[in-house]
Amino acid sequence: MKKNIPLSTIRNFKTNEEVRAYLLLKEKHLRLTRDGKPYLDVILSDRSGTIIGKIWEHAGEIEPMIETGAPVGVRAIVEDFRGNKQLNIKRIVPVNEEDFASKGFSWELILPQSESNSDKLWKFIEKSMAKVNDPYLSELLRLLIVDNRSKILKHPASLRLHHATMGGFLEHMTYMLNLGIHAAKQYKLDQELVITGILLHDIGKLDELSGYPNNLYTDEGNFLGHVVMGYNMVDKAIAKIKGFPDDLALKIKHILVSHQGEYENQSPKKPAFPEALLIHYLDEMDARMDMMKTAISQELDDGDWTSIKNYFRIPLYKSQKDNDGTADK
Amino acid sequence: MKKNIPLSTIRNFKTNEEVRAYLLLKEKHLRLTRDGKPYLDVILSDRSGTIIGKIWEHAGEIEPMIETGAPVGVRAIVEDFRGNKQLNIKRIVPVNEEDFASKGFSWELILPQSESNSDKLWKFIEKSMAKVNDPYLSELLRLLIVDNRSKILKHPASLRLHHATMGGFLEHMTYMLNLGIHAAKQYKLDQELVITGILLHDIGKLDELSGYPNNLYTDEGNFLGHVVMGYNMVDKAIAKIKGFPDDLALKIKHILVSHQGEYENQSPKKPAFPEALLIHYLDEMDARMDMMKTAISQELDDGDWTSIKNYFRIPLYKSQKDNDGTADK
Amino acid sequence: MKKNIPLSTIRNFKTNEEVRAYLLLKEKHLRLTRDGKPYLDVILSDRSGTIIGKIWEHAGEIEPMIETGAPVGVRAIVEDFRGNKQLNIKRIVPVNEEDFASKGFSWELILPQSESNSDKLWKFIEKSMAKVNDPYLSELLRLLIVDNRSKILKHPASLRLHHATMGGFLEHMTYMLNLGIHAAKQYKLDQELVITGILLHDIGKLDELSGYPNNLYTDEGNFLGHVVMGYNMVDKAIAKIKGFPDDLALKIKHILVSHQGEYENQSPKKPAFPEALLIHYLDEMDARMDMMKTAISQELDDGDWTSIKNYFRIPLYKSQKDNDGTADK
Amino acid sequence: MKKNIPLSTIRNFKTNEEVRAYLLLKEKHLRLTRDGKPYLDVILSDRSGTIIGKIWEHAGEIEPMIETGAPVGVRAIVEDFRGNKQLNIKRIVPVNEEDFASKGFSWELILPQSESNSDKLWKFIEKSMAKVNDPYLSELLRLLIVDNRSKILKHPASLRLHHATMGGFLEHMTYMLNLGIHAAKQYKLDQELVITGILLHDIGKLDELSGYPNNLYTDEGNFLGHVVMGYNMVDKAIAKIKGFPDDLALKIKHILVSHQGEYENQSPKKPAFPEALLIHYLDEMDARMDMMKTAISQELDDGDWTSIKNYFRIPLYKSQKDNDGTADK
Amino acid sequence: MKKNIPLSTIRNFKTNEEVRAYLLLKEKHLRLTRDGKPYLDVILSDRSGTIIGKIWEHAGEIEPMIETGAPVGVRAIVEDFRGNKQLNIKRIVPVNEEDFASKGFSWELILPQSESNSDKLWKFIEKSMAKVNDPYLSELLRLLIVDNRSKILKHPASLRLHHATMGGFLEHMTYMLNLGIHAAKQYKLDQELVITGILLHDIGKLDELSGYPNNLYTDEGNFLGHVVMGYNMVDKAIAKIKGFPDDLALKIKHILVSHQGEYENQSPKKPAFPEALLIHYLDEMDARMDMMKTAISQELDDGDWTSIKNYFRIPLYKSQKDNDGTADK
Amino acid sequence: MKKNIPLSTIRNFKTNEEVRAYLLLKEKHLRLTRDGKPYLDVILSDRSGTIIGKIWEHAGEIEPMIETGAPVGVRAIVEDFRGNKQLNIKRIVPVNEEDFASKGFSWELILPQSESNSDKLWKFIEKSMAKVNDPYLSELLRLLIVDNRSKILKHPASLRLHHATMGGFLEHMTYMLNLGIHAAKQYKLDQELVITGILLHDIGKLDELSGYPNNLYTDEGNFLGHVVMGYNMVDKAIAKIKGFPDDLALKIKHILVSHQGEYENQSPKKPAFPEALLIHYLDEMDARMDMMKTAISQELDDGDWTSIKNYFRIPLYKSQKDNDGTADK
């Protein structure tokens, strides 16, 4: 690839420019133009967005060389098609981590990422777990959180709705914990139960979603859902811990099956004690905060207001985009 | 008790008559009349209904002799209080099965009973299980149905809503199976999966409800609910069966977690394949049919129509009470 | 048409192949290319699906020769346009039953068909009607079912939602009857009323929908709907039967006006006695079973799960497609 | 009865006073006091309200002399029981129109009455019908309105919800007509269709409700409802009118089946053209206006606000009770 | 522009014809064809509709000369693109009122207009205000209605939903007043309060919507909404009127905050007295009548029924389009 | 009053004991026993609960001496009436703060109290306000919070739903602030806006509710509601602050009108930027936490579970009653 064009990302592509980027190949389709010439229709993404591309030349030869779900290197002209940007691809090559790391490639370019530093977040998780002195709860966390550390560091918190990024799962837990520990004190709740409940409430998502780079629902996810799967993981882990108190076990399990709060939200139970209720609201609040932030930041049009095509179904006000905590004097 | 008064049941009590009956003591409260004399306020039930009673004499002595949740023998005058019947109790004695069986007592008098013969129903269950040739499903049914036979014979299908009788659980399964086997053929479904799914769909209720004579929600029932509990029972039983195919296991578990059909009905998943959908509808239909039958039969007032105080919130037409299958010429 | 290309159906068309087929012309539009040359844009369907086609040559001459709503014979190249198949039509001719029957044409190729054999289904209807001994109900069925036999054999059960095929009306009645007769016995209901109610519940659809080949709502259908129209047909038929008992007439009419079960489902009444309730649930269950089967079979993409773009709004599991009753050992 | 006590009405009864009134006997129950003495428990009403009464003396002799659903003459002391007024009845006698008319009795005292003068309202109806020049619509109104004149003059517009008074049906039609004629002009609608539609929209209620003095749902009312019944009455009347245009017939029938506006309000169709939509809104508006007026006037407590126990579920402001049109300067 | 082609409007454009029209430029986008040539993609509207256009020649030079939100003169060929009409623009020029008035241009051609004559409507408003004798209400109307006359004459009643035309605000008030004055008499309400309430209920929309030619939500409109804004305007105006009675002020304000009737319709209060309830229903009825009229008149396809793509989600019957009050004989 | 009986509170009353207490007289009704003797029926409350009482002797003389809404001193026997405690009052005297303070009376005994110390809470409010450096926001808080200090210290946060205690308003603000400040940092929001928004979101309640001892809705509260009233208070305060930035003013006002989050919850707008969304969720969470705590603590029956008669409509688990923060090791 021409070295004089700097690497760019989809969000920064400008119409009529030539660009160079590492992208993820989401789909490829070999098609025919009206006059019978083959061309390739592809969908590409990186951490900043998604774009359609066309390869008009040598499509038949290129098609078998690139693989869906794998990264590619692309050089292209950005064109406008019915008001959307589209790539007229001049060159496309398969990419692997070993060979291309030196050429600027990294998975971080391609996959949606939590903004937070995952090591820092994990330290906060560890610090929170250290507050859990109850030996049964502590052992339960070891089995389900500590032992799943590497998976948790990369997992998203949902398919698309909120924190749908590498590390989003970790970020969601951290944010809930941070507020949950303060809230537990304020409402005079069992803080260790609150910490444990927050850390475990979405544990079923580790198996409901396949994780990146694909991040799809697994078969088990489609059949059972993370609420029931997480409950089962907790039930099995508790069974391994000798002497785990029955009452405490029921409380933890109840937090799992009630954390979505309302029946219509696929929650088979509603929260029946204050710790469970708190966790439900923290979960809801953190998810919605992330969804609003994302809805505002993904709107690329000008103007102070987004369109109503977002989860909240209203125009959102965009001018607070620049708040970055500096208001906290 | 006076032998010349025949045993009666609450439904047959007539105002101003003297009656004799074996009843279940649901509540007792020692209270004072305005002039300071103690009396006993009791709630009594049998399989035909519930009634309030007062014991005006010797209340202080009688109170410790009778026990909530246990059967009593009663002789009383039926009085009218604000339009409802009420017992003016002249004599009340504790009763036990051994001593009073010879005097006409049996639990069947007291507890609400399915109208069907439980042995006959169980035979139908066995016949249905015999159609399941798949060795894994067959073994699963052995572990969860056959091994729970004695409990299943007496269990209700719900707390109050439908088939809330001794044997109601069994009756509900039988009715669903009878139609489900025909439906599986008609819709070209996996009949063995349908039979297994019907037999297991409510299995969690064996632990969610304490069963008769008390029939209350257990702690686990309140915390987790029968959907999730049943799923867990199936999951554990499958774990005991070596080589149980994964795909089949997921299907059975999905039937468990989706059988209530709609999220707002505490179903964490909606049915995702035809066998699961069929089981949901059979469950719904059989429950509603039982509820309408009960609503009509429990209305004691005259006239062709019930009041609107029933599950369906409309007046129900009563004149078909006498249909007993004889129309099936 | 070239005889060496075998007749095919839309579902079996493969991109880049040449195909030959009898199709129904749903729409035709004469348009201009950018350089002013006329072309024909057409929509074509057969029993297996729908496809768009273009006629680039002689469009002006061909346009008046082919008629919307009528069958055509087509020879074309299957092309890919934005991921969908599309026909580049080389030859298109009007077709009529007399002349083309010998060349392989039949309406069955073109119109969506119930999978069941209609003669066999009708025999089941006749057998069920024979169980109705009551002379009034029997005469009512003669007037509304027997006398409408030829229409019933071809009618769909709905516009698009369920059993939207030639013979779908018949199939829906048959499936409900098959289960309804068993259910009537089980619940000790008036079996003759159940059979009559099932056969008549949707009778208004014979006039609400125009039937194939067009199958649109009639004016009367749009203004009044099949619930009210069916009630009126039954009311008029009863008026012709001397001595029809009032009570029985009201019950039948109530089944008509309550069969959709819930007010929000355009039902002016909710079922008020068990036979009416049963018919509502059988109707609901059979419709949903057909809709799930159709949603699964119409998904052509690979993978074990459908998209969520179906009536149930969830991914459906496709692997049971092959169940064909063989499980019924 | 003591002649020196003037006739009163329930609304004007004051605690601890002796009163004399003609009332309707709604219910009677012979009961026993705790010490075994019989007494009569009765419910009585007149056009101003409903009250409970007790007859402590000669209850056994009096009981067979008075008849449920018939008028009685009563002399009683007004007592307070748990915050509600109650009659301690000293004398009660059966009453008939012939003998007691001279003693001040009239049905108007007893039955709830529209405030409007029914002759005046009927004249307005006649004037409105005179605007309908179309011979088919005119004949339809003759068959269904003119020929039912005597029934319409006394009929309520609903069981309890709105205009539940003698003459309420007539008042509801009149109020809708008065606004509807202006609205038809304003919106440039077919005024004759609007007038006819308003006059017929609730015609089914003539048979759905039994009318006063009992005013209950008839069997047919319970089974079918006034929407469907009214449609059927119109259908039959149209069948008697030779040459009635099909299109006009469908429009009238559509107004009947759509006038409740929304499916969840038991409307099998929603309004599909402007005249039908207008009639739905006039119906809704007039019903709600009457319900609010009644809710405010029936609240007897002091204070500026009603309780929230009314159809609207909010406190209603009462101070406009005195508005009587005098604001219309 | 060629003088021999008469001015036309979008609704009257016919495929393959050459047309000439004054239109509003809603959007313009400079784009590239596949072979790199610039073209202009524009969206144009007039009072009869909206259309897409392409300018293939001299796009780069034309683009800076025409301005979004301003009127243009256009000469073009009407082409068909995928079943929709589209303009192939041969000539486009900026237009201003002064220079082009003589050439047939007027804003009325371009902006959606109420059908009614605004002077006549305003006279009706003045006549209605004259009925308000209360000096406080009268002064309030002077401040908020009379002083806003010029704005009111041009304002729409909503963004898109109903009366979304120049003068629509005025028309909506007039139609509500016309019926409201009759209704106030009929229901014996405070007529002056009804007139004042109707005139002020939507006053907040003067600031919530920017008005034509752009007619967008203002920032304040997005943040606060017209209900709250109108209440505030009334509150401030009342504060300027010395001695305004408290009770009357609260009633007017309540009408403002309750006029949308139901909480889910963004109404912070529900109507609590009859005048407020009446205004809610008149508002609802007039809005829906306008929406149905518009839905029917905007449907351009043949046939007696519209599609279901309208506010009411049902097919609407179109044949009454020609009713124009002549039925009012 | 007998000095040897210690002062008690309603919650601690035991059946058949004699008690002495200062209570609030909520209602009094002079009634007649069946034999014509007057008695007084009263409703009494203190901070721990509510109880019915009867005064059988000297009722006529006592009635004018005691005043509804004022405190009384009571000596009585606790009796059981149909399962509820009831006072047989032997002595009742009017009480005033001056004379009875020395005899143990204080308002704190009588009115429901927040558990928190109000001075400590106010200090937290002051500390939070000190973080607001923006001079406009700071001045706004001075006008609306600081200047209303004495009212805020005693005000409830709602009529009955949550924090319905003296000081409940203050407690609700404090709890929201405590979490809100942490959350603002976490989500990188404008912390000063969050603090200001929390402090002002319910400011309208100061005028919507009359406060203790009566705590009823004011007329203005009924007509307008606290959302709209609070918005108006803020609007007026801002108008007094010279140079208040428009954008900031709109944001604050939006927080006021959107804080109830959903339209059906009487919110005329939904939150349109993250600070507004956060405040909505903190409000919701804190209210529900208080409601669950109250529902559990008010249940006096034995057993681990409450009944379902609470806001959440499910049995709540009571065993965590003793958690008092000691878990926070």
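General remarks:
Just so it is clear, A, B, C, D, E and F label the chains in written order, and each chain counts residues from 1 on its own.
As a convention for this text, a residue touches a chain if its C-beta (ideal position, glycine included) is under 8 Å from a C-beta of that chain, and two chains touch if they have at least 3 such contacts.
Just so we're clear, the structure is a prediction, and the values are computed from it rather than from any experiment.
Listed by label, the chains that touch chain A and also chain D are B, C, E, F. Pairs D-E and A-B differ in how many C-beta pairs touch across them, and the larger number is found at D-E.
Interface chain A/chain E: under half of the residue numbers present appear on both copies, so the contact uses mostly different residues. Rounded to a whole number, the gap between the C-alpha centres of chain B and chain D is 43 angstrom. Work out the mean CA point of chain C and of chain F, and you get 62 Å between them. In chain A, 219, 222-223, 251, 254, 269, 272, 315, 317 are the positions where the chain touches two or more neighbouring chains simultaneously.
All chain pairs that touch, listed by label, are A-B, A-C, A-E, A-F, B-C, B-D, B-F, C-D, C-E, D-E, D-F, E-F.
Note for the complex: chain E touches chain F at residues 219-220, 222-225, 227-228, 231-232, 235, 250-251, 253-254, 257, 263-269, 272. Interface residues of chain C facing chain A in the complex, by the touch rule stated above, are 16, 79-80, 82-83, 304-305, 315, 317.
Taken in their complex, chain A has these residues touching chain C: 29, 31-32, 34, 41, 217, 219, 222-223.
Contact residues on chain A toward chain F in their complex (touch as defined above): 131, 133, 175, 178-179, 182-193, 247, 251, 254, 269-275, 277-278, 281-282, 284-285, 288-289, 292-293, 296, 312, 314-317, 319-320, 323-325, 327-329.
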